[in-house]
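Would you mind keeping the following structure in view while I ask a few things?
Residue numbering begins at 1 within each chain, and the chains themselves are lettered A, B, C and D in the order written.
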């Protein structure tokens, strides 16, 4: 059942991601992306990464995407107009590049991964729960953690500065 | 977990490519930004998959940091987009080229 | 237990920092006290170290102290270190001792000047740099001091920089010194290349066994001598020193008479081992030294500015010192350096006192009859003049005669160098007494508004002390022929190289010759005095008659042989003309052409490449993606 | 793999919780009007059924039978999506709340809780934050000014108070050392209710749940005088019913959450439920329901007692008072824990 669930989530994730990129209305893109992230959270749960899954919903869906939603709503972004002019020509070689990239990615990565998986890996219990992640965060990753806190503070100040009309 | 690791990674690759697609083809700055988020999440997925496979927690810690970074990045990035929009009345990146010439 | 050497230099540095940074919080007097106090401290420590040196056993007693690794780049490693031996002791004592007296004198002389704190800061910095110069155990640190004193000299000559001519004089000194410094630097590079060290002792130990030939040493020593020529104002680089008199008189006394200008002599004495390996250089030094002595003396005869007379006299005396080291009488050169520091310091300070008393008047034509107005100054000046003249019993006599005797021995008899030396001695006597007579004797020629007065005791006290030193300073080196022990010579013997021509060679056998030479030079000096007396006191109109009778010679001397004009014509004007050409043709066409051409090239190139800079993020992202694809393709292929 | 028994248990629990929530909502709608009547010296609805007992059903039927209007300027897909986006998280949240002591059936222990996941609290917070979308989308998609302003206000309010709420919960997590509500309840069974140990957190939490559920005195989103009806102005009939239901569902969940965090959950003081067997379970459920009912009653009481805040007052209260207070609480808790070792 988990396997089936995984493929379901994966399909929904890919589908909503494609929808984000391909449809013209930014509002739909945001909603689709929230939905996609919810599915990604589901995959995280299936991969026993409960904490990350919860964070995915809490931070990505609940905070980051709300911000996107606000911006789209407040700026009243109109759906894209069809392309005109010079830029039009770029589409072809952009497309070629993306196809090439995906082809190479799918050509290399699964093979490489299969090489890795041929070596059996050790397994620890309960890797996904908050306690384990928290322990790693506050011991081996303490400094990055503090730096991340600092980064957020800086971002906070920077955002206030940027968003204020007049300082 | 019954799903083979390389399937998950393939899905992550696909997701990443979709993000690239969005960055290359969309002109709306916000959508481009969202495509970048998709790319970040594709990498996160790979991290979690490997973390699950190797049975240790480090991959998830990385995802944690990516999320922190993404939060900071989105906050600042969207603030920039807002001030751009305020000044140029557009969020179409093909029309934002003041630094050209 | 002796004090650490670095304290000697540290104290003036502290004084410099206090006066330089916190000067505004100090009163004028406090500023002077700080400056003098730190120099006094240095003097006491130097004296204490010298005492320690006396009781130290060994052939060449010394203290050594390595402070820290100063420069470290690849193989190049230069330790900042101090080396305190007899030579350094003499120099340190002279610098701090005379420096102390001049600092004290300055408190009186500089009173009321708005820049007095700056003045004392520079003076302390000068003492610091000078001490680094004399105490350095390697050429690099010595060069630091060398440049440092040059800087201070520049700063102090142009102390009253509001006056453009004075600022220009500072500039001139700086630029002329640069010519010599170029030689110094090249010499250092050559030495480092050859020996892999700049430590003076290591160089001295290694040099006699070096594989390099005589030509190498000749080149190196000539380059070093070029440096010395610049710093010590020898022909042909002497032109800056008279102009340097633009600075405050105590500065002239300290820097441009007693200490800095003698650095060249010190440099040669310090590296005497290298110089003795290059006889050609030695001959050059002796020749240039004696020529300088003679020509400078002949210029001094006609100068009217009291400080200019002393400046040329200084050049002349420096010429004597170079003659001394040139003939291998290193200790005699240093001995004269010391006594000269005493009496020339005294003379300058006395001149300063006169200028002070006359409210800034420097022309001796406008002086005269000051004897009764400034008794102390007159008396001390008289002692100084007698000392420089070489009247038996005063310091100048002993040191000058040792030099002349060195020249006599070196060239085995009555050589032309010795002869010129004797003649110069006579001329020295003449122009010094001319100065004395014109200043203190005869009818007053100053304007009625002036009321000459004796200087305050803070100025006369150093004068009196220096007068005593000028009298007694010579007795540390009374030659054996006069029944003395020549302590000074024996003190320096282990430090300086033994001259290949040997001062002592056949010494006992020629006592008679030494006495005879001494007698001749004394007679020359006395003759000079008498002639001066005759010209300026007995027949006051004779001076003018002489001038009218020998207009060519007079003009030549008065205009300093037109050297400045010659440089103006031979160096400065062609340089200006050449620069003009460079500016109008080379710069405009070639350089600008190159620059504009390259700019145009880059411009057209960028116009091509700029097509890539579309300003579209997508294009950039696509380029990145392309790069990633290439990398991935390479991985995939391999 | 999940065996049949567990699957069955889960299905039954889901049904029970779902039905229970719906019943609770029905009771709440009635209770609200009756209590309002009581406070205002009138009777309230008392005609339908036995003393008005069937009034909620009548209301429901009315909603179903009304005309479903979609405004012309609305964005149809999102307009339809919004009520769902509000409703689904509201109903899902209850899944991690244990509503009674573990029950023993056929030799197996069944927890009276739909899902005991080890990140229970995070789950609740996550779903709460998801709830914002419904409001914003509802406000935006209607294509009209007032709903949009209402949506913006409510989302800003939710985001602001979520922070203080999360920080208040952190104090509880710190002392009880667990992220699941079961652990927190077990901790309270052992050492007494958290209300005694975390009074500041409880105070903050009580205020924030009023804000989070958009209830008076924080119901600025639907401030009738200013915004007509808030984000759901343009909704009618069944879609409006969904907003209506979710609001009450959220209230119930919030009250239950409050009980679990600070009032021992299903714990009955001084009684060992496990020793009483089936009766103990029943007692615990009753205790849980009773406590929750009390807080729901408090909701209604507050609604008809306190005046509405002004928007700037609301924001100032959230950011300048509650948030620092919550931080202070976290700090103090940490200090006490550190001192106690």
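We take it that a residue touches a chain if its C-beta (ideal position, glycine included) is under 8 Å from a C-beta of that chain, and two chains touch if they have at least 3 such contacts.
Bear in mind the structure is a predicted one, so any value in this text is a computation, not a measurement.
In terms of Cα centroid distance from the overall Cα mean, chain B ranks first. Among the pairs A-B and B-C, the greater number of C-beta contacts is found at A-B.
Among the other chains, C has the CA centre that is most remote from the centre of chain D. One finds 5 Å separating the Cα centroids of chain A and chain B. With each centre defined as the average position of its C-alpha atoms, the distance from chain B to chain C rounds to 73 Å.
Note: centroid distance chain A to chain D, computed from Cα atoms, is 29 Å. Rounded to a whole number, the gap between the C-alpha centres of chain B and chain D is 33 angstrom.
The residues of chain A that reach two or more other chains are 51, 55, 63, 87, 94, 97-98, 101, 105, listed in rising order.
Shown for chain B are the residues that touch two or more other chains, namely 20, 24-25, 94. Multi-chain contact residues of chain C (touching two or more other chains): 616, 618, 622, 625. Chain pairs that touch one another, listed by label: A-B, A-C, A-D, B-C.
If you check the complex, the residues on chain D that touch chain A are 1-2, 75, 77-78, 81, 117-119, 122-123, 125-130, 132-133, 136-137, 140, 148, 152, 155, 159, 179.
Against chain C, the residues of chain B that register as touching in their complex are 20, 23-25, 32, 93-94, 97, 99-100. Residues 1, 27-28, 31, 34, 38, 50-51, 53-55, 57-58, 61-63, 66, 69-70, 73, 129-130 of chain A touch chain D in their complex.
The part of chain A that touches chain B in the complex is made up of residues 2-3, 6-7, 10, 13-14, 17-18, 20-21, 26, 29-30, 33, 36-37, 40, 43-44, 46-49, 51-52, 55-56, 59-60, 63-64, 67-68, 71-72, 74-75, 77, 80, 83, 87, 91, 94, 97-98, 101-102, 105-106, 109-110, 113-114, 116-117, 121-124, 127-128, 132-133, 135-137, 141, 144, 148, 151-152, 154-156, 158-159, 162-163, 165.
Of all the residues in chain A, the ones that touch chain C in their complex are 87, 90, 93-94, 97-98, 100-101, 104-105, 107-108.
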